[in-house]
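Common to both upcoming complexes is chain A, partnered first by chain B, then by chain C.
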Partner chain A sequence: MSDPVSDPVREREAPFFIGWATIPEGLRWFLGGIAIGLVVLLAGLSYLTAATQDDPGDGAFMGRADAVGLLQAAPYPILHVTQSDSFAPGTALMLTGNGKRGAQPQADAFDGQLVAVSGARISRGDIIALQLRGGENGISAAPEQTGASLPQPRDLGRWRITGEICDGKCYSGAMRPGRGLAHKACANLCLIGGIPPVFVATDKIDGTEFFMLADQDGGPVTEHVLNHVATLVEIEGSVERHGAMAVFRIDPATLRLAQ
Partner chain B sequence: MESAQTLLMAGQVYVWIGLAVAVVFLGWGLDRIDAKGHGSWMFRPLLVPGVILIWPLVLWRWQVLARENDNLQNRHRPPLTTQRLMGLGLVLAIPVLIAGALLLRQDGPLERPAVMLETAAETSSNE
Partner chain C sequence: MSDRYVPVQWNPNKWLYDAVLIACVAAYILIYLNLGNPAADVTRPADGAIVRMRAFGTCAFFMLTAILCIGPLARLDRRFLPLLYNRRHFGVITAVVAVTHSTYVLNWYFAFSPTPRLEALLGANTSYGQLLGFPFEAFGVFALIVLAILAATSHDFWLNFLTPPVWKRLHLMIYPAYAAVVAHVVLGYLQDTKNPAFALVFGAAALSVAGLHLAAHLKDGAARRAKGAWIPVARPQDISDSRARIVKMPDGRRAAVFRDGARIGAVSNACAHQNGPLGEGRVIDGCITCPWHGFQYRLEDGCSPPPFTEKVPTYDLRLQDGVIEIAAEANAPGTPVTPLDVPEASDV
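On to the complex of A and B.
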């Protein structure tokens, strides 16, 4: 009995697939099965991959918005709205720049002053960010309003909180997902660029689970948290209310991975 | 941050060495291993990015050709001899890596309550 592989007659008669040629009769069912099998397999894999992802939340860009309010430059730029068609008075807006840049350079000159801001609204639940337009289109001095002053910080005590450090812009809805390991590099680049870090806690304090992070003196804390972004961590520090914005003044020495 | 800086530094060192290799190889070494390259200069700048990218391979091939040890039959032998082993290694390593990443990744605590360490009054009295 001859070996079918080395039998030149049988080898010549064996169907041979060429991409651009008519499919040989003997290969039609085989190739059809492979094609359908691949579609089913890839569709199943796609479904399983998508189904095992965490819900990215409902945060998104919500269109153009304008507001007038009092600007607080530290730890990161916050606008306490006094007048706006888009936001209720008292709303605290986290201000950011375009792309991965913070709004600190634009905001510093207006610390404590009444300003008019304009930009793209990004919101997710009760956390709202405003991506400022460039230059004076984004932020400019507004006429004085009687009785308008920055809200006094209200001390809520010292806490140990578990949660994740995210960048405020992506978490608010600029990216989906805006949290978790898959987003770690993006979050770090945003934070390095000056976007405010926010702490998304596993528990609510004074009705909120979002906290803008600050150091113990109330200043920016970005450089101390970069190695701990996107994982669940435990931090100790004091929580304050600055109007509608909760600020978590952390002690970076207490920062550790949550076990 | 330190890990990122180390990686960036390693990448920069690799690129600078690659540039040095490109200058020496394209300016001097190429003529000694490829007779067809004599007197031709315009194409050499086009090779700079490629040399920077794969300079270890360029150095290896350069020394093989310079010592006239090259054997056309053996040219692709090292990759081919290990190809089967590498394929098998990947078949084993990829599922182990994915399963390991899924098993070792942090999974909670997602609902740990916040702990009050000091009340507002205590905090202000300590300051």
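On to the complex of A and C.
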């Protein structure tokens, strides 16, 4: 004979639910318990999941700021501040455009010149970015100052550094969190849009853990790093100081996942 | 059962079911945003849009997990069968929560760019050749498309238009969708987060789905497939009144042999509505009643009572040496078969 799939005695006793009929007495407490239990369970899971989120860091937009300084267009736009109420002279600002756009189109015409900039300050620790306002409101030629010139690069030697490649704007605080694998596509989109890639090292070199990335010739390196954004990698290259900004001129062929 | 289509055939049980679901979603989202998030140990809170996308994303995952647990739970313990009754609404609400999650993602991570959002979603990260940094968004997109299709085709119109077997196969896509959600979370948030709490909860949830399905499968597997033209089922008195004995047929299908007092009849175990397990139902007012949605069929011909038009296959039965035997071949849906008359069975 065929194997019974269920127990006939229990079948006879079990209440039978029909959706369009009244809930059987024997099931009401059970189903009520399930309903309350489900709400309580989800409430508990919600609290646990939310309360254990990682710290996204202290980066944030810090309000409007203006500065005058010398503009360096390569590898990505940097302003070396000479005069400002918001920044100390000598501060290096990483310039960005609005949203996920770089400042290159606004900055290229002023390479090496003294300019006045205006925008939203974004900062996280030692890294400071300025999101430029549109057009001439964001960047314009400033009156010439005698003796003002771009800082000469200071070679800090060749290094193999471990760290994470981030987009400079989100990492600075435009987004919180602005790093990590969950943010990788957003970071790539920023980099493709012209935002400078920065290298956040696990250890400090010459007192800094942030490096603007460049290729070996000192030019943009974005297309070579996209597949390695947001992961812990090792890269070889030479480190230079451009005033207060550390620039890591990398050899993309040496990029590999960190052990 | 219906002889015409209406958007939703509301009844008190459906109202209650949906009210509980909405209470679950509201409790989850409100507690996440207003209690859990402020309690997180952070220097500065995460962006509001990111917190909301996390809230809706994790909520959708837990809801989907619950949906997938209902089926095996109902097979292991029939008291869970009422949860199946309105599971389609559960699915539709989950799809809405998932769409809300994706809307926050699109309007935050993939906005503010000269690249169109959908193009950015699919094109910003193309590291498909590596596990670390894999574009986990692709798994989320797949799962979302499946959830949207299943929600859109959840109505009985599509069930009838596609036919129950095709509809059921289509809706089995929920399993690849769940697998994609798991991959989406594992390759994205889980690789990113340093706190192990979510990883533990997530793992437990996913393992619950797998474990319950395995347990239900093992329970189902206890029934052996029968052989021969006539298959012995049971003695009439061994079948509880108004209940059925389920038989695994030589072709792999299942038949349900019902006893209604002294009458014994057999039909396919698959309900014409959603292939629900008729054999786990009960005879009410002379009609076999499906435990999933209450669809009914007459014992003598497998037809729904007028004005309804659903039909299921019937089986010939015979009594051999006091044992009910069922024919291996099914009759066409709605074929009349005179039920066995076994007066002594009703005395038990």
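Convention: the second predicted complex is superposed on the first by the 207 of 259 C-alpha atoms of A that agree within 3 Å, B and C clash if a C-alpha of one lies under 4 Å from a C-alpha of the other, contacts with A are read in each partner's own complex, and residues count from 1 in each chain.
Definition applied: contacts are C-beta pairs under 8 Å (C-beta built on N, C-alpha and C of every residue); 3 or more make two chains touch, one makes a residue touch a chain.
Predicted model, so just to flag it, every value in this text is computed and none were measured.
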> Can A:258 be said to touch chain B (first), chain C (second), both, or neither?
Replying inline: first
> For A:231, is the partner it touches chain B (first), chain C (second), both, or none of the two (neither)?
Replying inline: both
> Who touches more of chain A, chain B or chain C?
Replying inline: C
> After lining up the shared chain so the two structures overlap, which partner does A:140 touch, if you call chain B first and chain C second: first, second, both or neither?
Replying inline: neither
>> Output check: A:157 vs chain B and chain C. Expected answer is one of first, second, both, neither. What do you get?
In response: first
>> Just checking: does A:149 make contact with chain B only, chain C only, both, or neither of them? Give me first, second, both or neither.
In response: neither
> Who does A:203 touch here: chain B (first), chain C (second), both, or neither?
Replying inline: first
>> Touch test for A:30: chain B only (first), chain C only (second), both, or neither?
In response: second
> Looking at the overlay, does A:216 come into contact with chain B only (first), chain C only (second), both, or neither?
Replying inline: neither
> Considering each complex separately, which residues of chain A are in contact with chain B in the first and with chain C in the second?
Replying inline: 181, 188, 226-227, 231, 257
>> Please output the residues of chain B touching chain A within their complex, sorted ascending.
In response: 1, 4, 105-106, 108-120, 122-124
> Quick one: in the complex, what on chain A touches chain C?
Replying inline: 1-6, 8-9, 11-12, 14-21, 23, 27, 30-31, 34-35, 38-39, 42-43, 45-60, 98-101, 175-177, 180-186, 188-190, 192-193, 226-231, 257
> Residues of chain C touching chain A in their complex?
Replying inline: 11, 13-14, 20, 23-24, 27-29, 31-33, 35-37, 39-47, 50-51, 54-55, 58-59, 62, 66, 78-83, 85-86, 108-115, 120-121, 124-127, 130, 132-133, 135-137, 187-189, 191-195, 197-198, 201, 220, 222-224, 226, 231-234, 238-241, 243, 245-248, 279-282, 284, 289, 291, 293-294, 323
> Contact residues on chain A for chain B in the complex?
Replying inline: 155-162, 181, 188, 201-205, 223, 226-227, 231-232, 236, 238, 257-259
